[in-house]
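Next, two complexes with chain A in common: one pairs it with chain B, the other with chain C.
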Partner chain A sequence: MSRAGRIGGVALRQVLLLLGITVAVFVLLRVVPGDAVDVMASEGDITVAQEDLLRRMLGLDIGWPGQLLAWGSDALMGDLGTSLRYGQPVSDMVWAALPVTLGLAAAGLAIGLALGVALALLAMLRPGLAALVDALNVWSIVMPTFCVGLAGILVFSVWLGWLPSLGHGLVPAAIIGLDIGGQIAKPLMEDLRETAEARFVTALRSRGVRRGALVWRHLLPNSLTAVLPLAGLIVAGLVGGTLTMEVLFGLPGLGALLLDAILGRDYPVVQAAILVLSAAVIAANLATEAMQRALDPRVR
Partner chain B sequence: MAGALSATPADRARGLGGWLAAWLGGWGQLGLAITVLAVAVALLGPALSPFDPLAPSGRRLQPPTAEHWLGLDALGRDVLSRLITGTQISIAVGIAATLLAFALGAGIGLLACAIGGPVAGLFLGAMDLLRTLPSILLALVLVAAIGTGTGPVTFALGLAFAPVFARVARAGYLREMGAGYVTAARGLGASRVRLVLVHAAPNLVGPLLTQAAIILPRVITKEAVLSFFGVGAAPEAPTWGRLIAEGTRFVERAPHLVLAPVLALAVVTLGLSLLGDATRRRLDPNRVAG
Partner chain C sequence: MRRIARRSLAAHRLTRLACLIAGLATLPALAPAFAQQEPQRGGTLRIAQGSLRTADPHRHTGDSPVQQVYAEALTSISHDGSVKPMLAERVEVSPDGLAYTFHLRRGVRFHNGREMTSADVVANVERVRDRVQGGWLTTAMRGLRAVEAPDPHTVRFVLAEPFAPFTNLLSELWILAPETEGWATTINRPIGTGPFRFAEYRPNIRFVGEANRDYWQAGLPRLDAVEFDIRQVADRSLALRAGDIHVARIPDDAVETVRRDPNLRVTFYGDTEWCAVSFNNRSPRGPFADLRVRRAIAHAFDKEAFMQTVGNYVVGNQMAAPGSYHWDEAMERADPYRQPDLARTRALLAEAGVVPARTPLRIVSWQNDYSLFTAQTMRGLGFNVEHIALDDIGMQTRLTRYDWDLTPVCSGPRADIYLRFVRLMSEGPRPQMWGGIQDARLDQLISQAVTTVDDAARRRRYLEAWQHVMDSHQVLVLGHRRSPIGVRAEVRDFQPGFTVSPHRVDGGVAYTWLAR
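Moving on, here comes the complex of A and B:
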């Protein structure tokens, strides 16, 4: 099979996964008893007649296959429905939350990559720093970002009195970054050391290639292949960590939106948030897959 | 060369304790100590609690005193007693969910291997793809569907982590199928089911148990996150996550309400992770960290 064909096959499977998750979530949410109208009824006084009227207006009175068909055909046109609780178009809510989530995830990833690469390079040049890399690696294995985030809230907002960690994106991004940096620094450092001993490096050096060029153009691209197998784990950790940090630090992103919708049984919002988040994970995995193929000829 | 499990004369002289200490290494010993302590607290539970964890026993939000070592919460309940009960429930939920994930994942993985064919392959492929999603997202989806409470959360976490075990089972199965003794068994006419149950399964116990040791602290953390989110354990089950959630509302006035359960969660997760990691390093030194 051709290279493009194989990437296409991977993409097809991932799209099928997305489709499967979407349908599974849709069905799961509707076969369980209790809907958004029940939640509204428990929060305020509405009569049984009003409940029935609400259900008809919201399209909750037909069975789930009918609802799935209606939702699916609308979703294909880019219409994700209307929030049952807020009456707003779901796509507007998702668009409003998306930048927060993407910003936090991008900042966390950037900090993590910069930290991991910098530490690995420094530890290659100064072997004494290997202990620091090892310590950070153990840290990221044993310390959940949830605990670090709570400790961050206690330290920065309660004791230091620095303006409320609530709504501030830098601390959560740094916590996510520390986790990712710890995961990649160690394998990267080990591979860099190994690659530095390779014969092609000796050959390049003897031809007078300068150290900076050697590291950035030859060593690093080669050693990135040691980190790429971790990419799936990092993407999952990044998205999971971002969701947790959003709720913990009160950032109005997709994670906060999803949780609020789950608590209020706001099906269309739950559905859309899960769709967008799963699509993001799947897109990131496809991107790393493509990158791995581009960087490492052995995978092709 | 001496293998990881063979004892040298020096090891024998130090006895089983010394051998275990050497086998685990420094970090692993710390992990074991914390784990033993946490399990002891969980098992003794109510016997250790100085007060009723669910009934008020003093002034609201009282800071730590000689009588109430960790102070009182917003309803005047003893925080230490709640923390001890929380340790019991958090660890019980963690172990139950891990066992469920183990049984489901390994069972489904081996069943699919035993049946074989395109349908089983498709199913295993789907499990493998599910594994790429963040476990907290999967758990949230399941909780959204089956509802909140201690039981549902245990179930949701068990399902969310099952694909990991299915993958380990399948990878182990494929590895064993390449071994010479399996070819010999096949040549003698062993059936596919026999190959899976008699030949592959016993060799999978080690990798699966290692995976369980790695997963357990993550499951405990995820339960805390879900309970903190308000979609986890029931109100009458003061797990660490619930204690943290209740505490954050008064974090300015009474930081000890958050600090105590966060420290408990962090220390126990640390201990379990160190123990799991030491086990993994010993049993599977070639695998990449993760």
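Moving on, here comes the complex of A and C:
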């Protein structure tokens, strides 16, 4: 198959995946009991007759296929609809939340990558540090991000008073970074150790290549290919961690928007937020695949 | 003509006494941290209490307390639940209860500087009644035969039939300047008369109100601004303890931690939530239509233990909180279910021919401790229990199937006792929470009560309606709980409302100041 054909095939698969996610979310939302009018009614004292009227006004009285068609055709034209709860354009709400989520995710990823790579390298050079890498790896697997976040607020805001408890990204980014760092450091350390024993490394050493150059130019690029297959998991964890941290630290990102929309059965907002998050995860996976192809000739 | 203020005073004497005693009891403990000082001006109060779903006060469906700092109404509900005039100076009610004449305060100005007149009030009433479909009070306004402005400072309402909670409900009909942009559709920047102007609103994030220096109550507000934190956050008590928020609604399990902190205190809304177990009244299944079985189940509940799982409680058997005007002491003393009586339960089940082990019992509930307690109590009797625990809306929607037998619920503060009773009526809101009662006799009793003009006679009729509910075993009340609010020590003269209202004519955030 030609290169153009392969790229076209990949693109088509991703579009179909996105479409599948959209339909699945649409259906799942409506399977969950209750709609936006039920939420409004539960908050106040409107009568059953008023509920019916509100459903008609919000377009919730027509069948699922009709709702899906209306939403889908508008979405294709770039109109993500209007929030059932706030009466605001959904695209405005998503665009306002997106920078917060992207910023937190980028900061967490940067901290995680720096921490993971640094620890793995240090542990290769100083085998005594392997225990620290193991500990961080176990931490990233067993510690629930939510509990770590609560502990972070308690320590840094309530006890020490160094940071505000809400509305900042410092502790959340560090917690996400610790998680990612722990996931990366262990496999990277193992691969670095293995690569360090390889014959081409012995040959490079015998040719007098200095340790710094050996590590940065030869060992690390070789071993990074061992971490790349984990990228999908890391991205998924990153999305989950970011959304959790937003809710815990009161950051007005997509996670907070999504939680409020799910609890309020604000269908257009949930659909738009998940569409954006899915597109981001798909894009990240495509980028990872491209990097893997660039770095590892065996995958080409 | 009778004066509303005088009537309310008499109506809530008992509650005030209870509040006074409770307040006096807590004074010695609070003395060091909350010593009295002269009120200071300035500062921003950060408050996390309540929500704001829409900036348009006429469009909300019942839960938008934040708007009360920028929009005011003709009346206001005090902490003790009594109705007081707010934008009106005084109110006169005709002896037949059909005509309400409001004499407006002079010199009340909207945030754009224009003086409020009776024509503005009429325009707001008409907007709520005729233009805002599906909004809060839309139904209540249908009972309005006419609203007139005989002069610039008088508004006269004429009702089709007497409606006792009318002045009470008007406390939530907010008066805005009709020249506000979006009047014909949806208002995004409301122009009200409140102590704080509408400054910034980011849905689900925050609302900022800046002090209205031309406020009609001289010397108020004392603060420069109020900032409502309306984010979805897991636990507000941490932000309160860290000093990032001054006032916050806190979880029940955080009350003891907050109380131990010398920089904080705990206070409560004036009204309570009433907690009950509802039977399926719309289409009862199997033996649960049998009065003997309902009585058996009622005898099985340990009210004290149930309410302990709810927290901040008092045990009771009525919809009205103990000590309040519509509560009856004799009825409370006569409660046959005050203590659990399992022997009686077993005897009644045997008499009805019910073998619990062979009887399926389905409970639909929220996910909380008192629901687990209910399920465990029924399992203890030997019933074959199926417990379906769902999230808030999931549970309320599931209840509409009426294929269940029991549901434990707690229902929040309401500005008038009618707003509790109306839920038990055939056409009332959210009927599934109370088992979908459709009882013509009960409808009649509640309708008679709400149209009774005389306070004492109306109270008797409400009690008669409640006695009917108890005798029919439609709903079993277990007690009342109070919702806790955490307040930082530097916050002075802050007292929560009867309901979630943060502002009222005689208290709330306009009076609050920050000690420095």
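Just so it is clear, the second predicted complex is superposed on the first by the 268 of 300 C-alpha atoms of A that agree within 3 Å, B and C clash if a C-alpha of one lies under 4 Å from a C-alpha of the other, contacts with A are read in each partner's own complex, and residues count from 1 in each chain.
Just so it is clear, a residue touches a chain if its C-beta (ideal position, glycine included) is under 8 Å from a C-beta of that chain, and two chains touch if they have at least 3 such contacts.
Everything numeric here is computed off the predicted structure, so don't read it as measured data.
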Based on the superposed arrangement, let me know which partner A:230 touches: chain B (first), chain C (second), both, or neither?
-> first
A:98 contacts which: chain B (first), chain C (second), both, neither?
-> neither
Considering only touches as defined above, state whether A:153 meets chain B (first), chain C (second), both or neither.
-> both
Contacts of A:32 with chain B and chain C, given as first, second, both or neither = both
Is A:220 contacted by the first partner chain B, the second partner chain C, both or neither?
-> neither
Touch check for A:239: first (chain B), second (chain C), both, or neither?
-> first
Where does A:252 make contact in the superposed view: on chain B (first), on chain C (second), on both, or on neither?
-> second
Touching A:201 in the superposition: chain B (first), chain C (second), both, neither?
-> neither
Return first, second, both or neither, reflecting whether A:281 touches chain B, chain C, both chains, or no partner chain.
-> first
Would you please give the residues of chain A that touch chain B in one complex and also touch chain C in the other complex?
-> 32, 34, 146, 150, 153-154, 157-158, 247-248, 259, 263
The chain A residues in contact with chain B across the complex are 13-14, 17, 20-21, 25, 28-29, 31-32, 34, 137-138, 141-144, 146-147, 150-151, 153-154, 157-159, 183, 186-187, 229-230, 232-233, 235-237, 239-240, 243-244, 247-248, 258-259, 262-263, 270, 274, 277-278, 281-282, 285
Okay, in this complex, where on chain B does chain A touch?
-> 27, 125-126, 129-130, 132-137, 140-147, 217-218, 221, 224-225, 228-231, 244, 248, 251-252, 255, 258-259, 262, 265-266, 269-270, 273-274, 277, 288-290
Across the complex, what residues on chain C touch chain A?
-> 53-54, 60-63, 133-134, 136, 138-139, 186, 202-205, 229, 231-235, 238-239, 241-245, 390-394, 396-398, 414, 419, 422-423, 427-431
In the complex, chain A residues that touch chain C | 32-34, 38-51, 53-54, 57, 83, 85-88, 93, 96, 146, 150, 153-154, 157-158, 161, 164-167, 247-248, 250, 252, 256-257, 259-260, 263, 265
